[in-house]
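Contents: one structure, followed by commentary.
Which chain is which? They are A, B, C and D, in the order written, and residues in each are numbered from 1.
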């Protein structure tokens, strides 16, 4: 059972909600997550639901968390549009608090964390099983460095990749390149 | 059946053969190819076999072509190492000529083309079934523009993505970023 | 006499006119031009006047050309704002035609060329004195490859640099990086 | 008096010394420094002397500091080669300590700082006159975030630019792009 990545323009958008995470970033994040059918995913800061949707296609269950009720609503609409709403439990709550009540997940995705990043990583990493994965995407320099620092403190060996993607628009006179904002993707396996 | 992307350091290398295509580029190329189990792939300019290996994991059959006998040998070694050699027919020949003798492929990958790019794209695209895919990766500006031009002439609607990937090395004093060379990925569906 | 680069937000803008060329790109273009006080510059496709202004600060005279009357007007306003309008002759005309009537320039800048790029480069390069410089900025892949091809045909040795610049926005929670569109800068010295 | 940027291949190199800072990065750094003839520059972590040389061409005096005696030697050789050694005082010492003994500088450049970055920035910024400039280049993520944090604590308004530069190699079959490592440039004016 193979799952294609959903194009950006197949998502319902809400201007008060960030996302969806761009196709290329979703592709690389999903690949680094090495999801298998039995995986249970926690997605903190789900926004528009871009990554939640990709996880929902491939994993057993997804918990998607966001403090913004419109993010929860938009994620729900996108899941419904693609017939995946039954695989996902949507939780409108602060990430750390929500995380404390979830057990037995195998993949932890953090796309947004408010001011609690370090605590979320610590709590979330400790609850992961050995070989479980943690993934953080960031458009903020400090999120990247805090994440690496916290993961190193926890004894993990984070991998860091920065992606500068440009997409071409085909015009009569040629291909005009437009840049997407750079994203840093940090991943680690629970050791 | 889910397949992870093979890390760069799991490939046998030969210094006379380019590649393997970097993990992030293989990930995005494979994703854009939307491979399904029944697909038959032609991989022209297979080099070290990085993409051949990813195609072989996911498709029914792969034809891998390279003029360099050492590329054919290295690709074979990498397929063998990962138990995938039976899925792949290796062809040491000029791409265009090899392509003329292959029927019923559904995905055409061009990673290297010598001086025959335009002919290979034309011949290869015309033999694709409707909804078949063509993918070209390029580190050469002219390869990108020639590819787009040729695909437009054929009535296709190419998508162009340029990827600038940097990877972090974790040092005591922090994460040092090192750039991979930029790659342009051009994809089109047979219309 | 040292001249600072004018920040982007010091330019008068017109939404029907592209530009100004971003500060970082103006900086690198001006540096590659190695302008001296006795230089005479032709700037084809002057747009908002970003590069014209930088040339006007440093050279003896600048001819700025654009087919769009609003570009000519906006460039004039920006020169006036910075007290440089006397150094620049503004020409509302097609680039190639304008170029044919200008003699004794030492630097040729092409930021926009309509459909006549190859002819403009050929005509413009041939009229340059030995050690004169030609510079082309491009957001279109084909402009870059055509430029390189044409310059090579003319016996020049073009240098190609591609720039992906991201700028940070300082937020409470950290530095958010935003990408500018990638620019290719091609330069050559008349041999 | 206009000064061109020295090409990378005009520097004497020593494999035990990092640098020279790449031409494009030197260009942008020098531009952001807005050097005038009366400026006095401190360059901490001078390495091969790439930036020292550019400062020496344009400023009244430069203090160049490095703990590595081979860096001091290589910087001296490069200054000598370009006839600029009289403008520069070379100091083989830890950056913070050296800085404490220098008065009346107007530009502070930090290209390397060992483990003392925060102290160097604090001490160095406080000694700058109003409108003096501080510039930091970094290939390490944490250097960028620490720098921004420290400058904000000091009441400065840092500007952050990240540069991904690729250079083309002209081959028969086209222009092959090769990436330089990404650099973050942080600059602030003393308020």
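Basically, a contact is a pair of C-beta atoms (placed from the backbone, for glycine too) under 8 Å apart; a residue touches a chain by one contact, two chains touch by 3 or more.
A quick note: this is a predicted structure, and the numbers were derived from the prediction, not measured.
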Centroid-based (C-alpha) most distant chain relative to chain A: C
Comparison of C-D and A-D by number of C-beta pairs in contact, larger one: C-D
Chain centre separation (chain B, chain D; CA means) in Å: 41
Length of the line joining the C-alpha centres of chain C and chain D, rounded to whole Å: 27
Separation of mean Cα positions, chain D and chain A [Å, integer]: 38
Touching two or more other chains - residue numbers and ranges from chain A: 141-142, 144-145, 148, 160, 162, 164, 166, 168, 174-175, 177, 182
Contact set on chain C toward chain B in their complex: 141-142, 144-145, 148-149, 160, 162, 164, 182
Chain D contact footprint on chain C (complex, rising order): 1-2, 4-5, 24, 27-28, 31, 34-37, 58, 144-145, 148, 152, 157-168, 170, 174-175, 177
Of all residues in chain C, those that touch chain A in their complex: 115, 139-143, 164, 166, 168, 171, 173-182
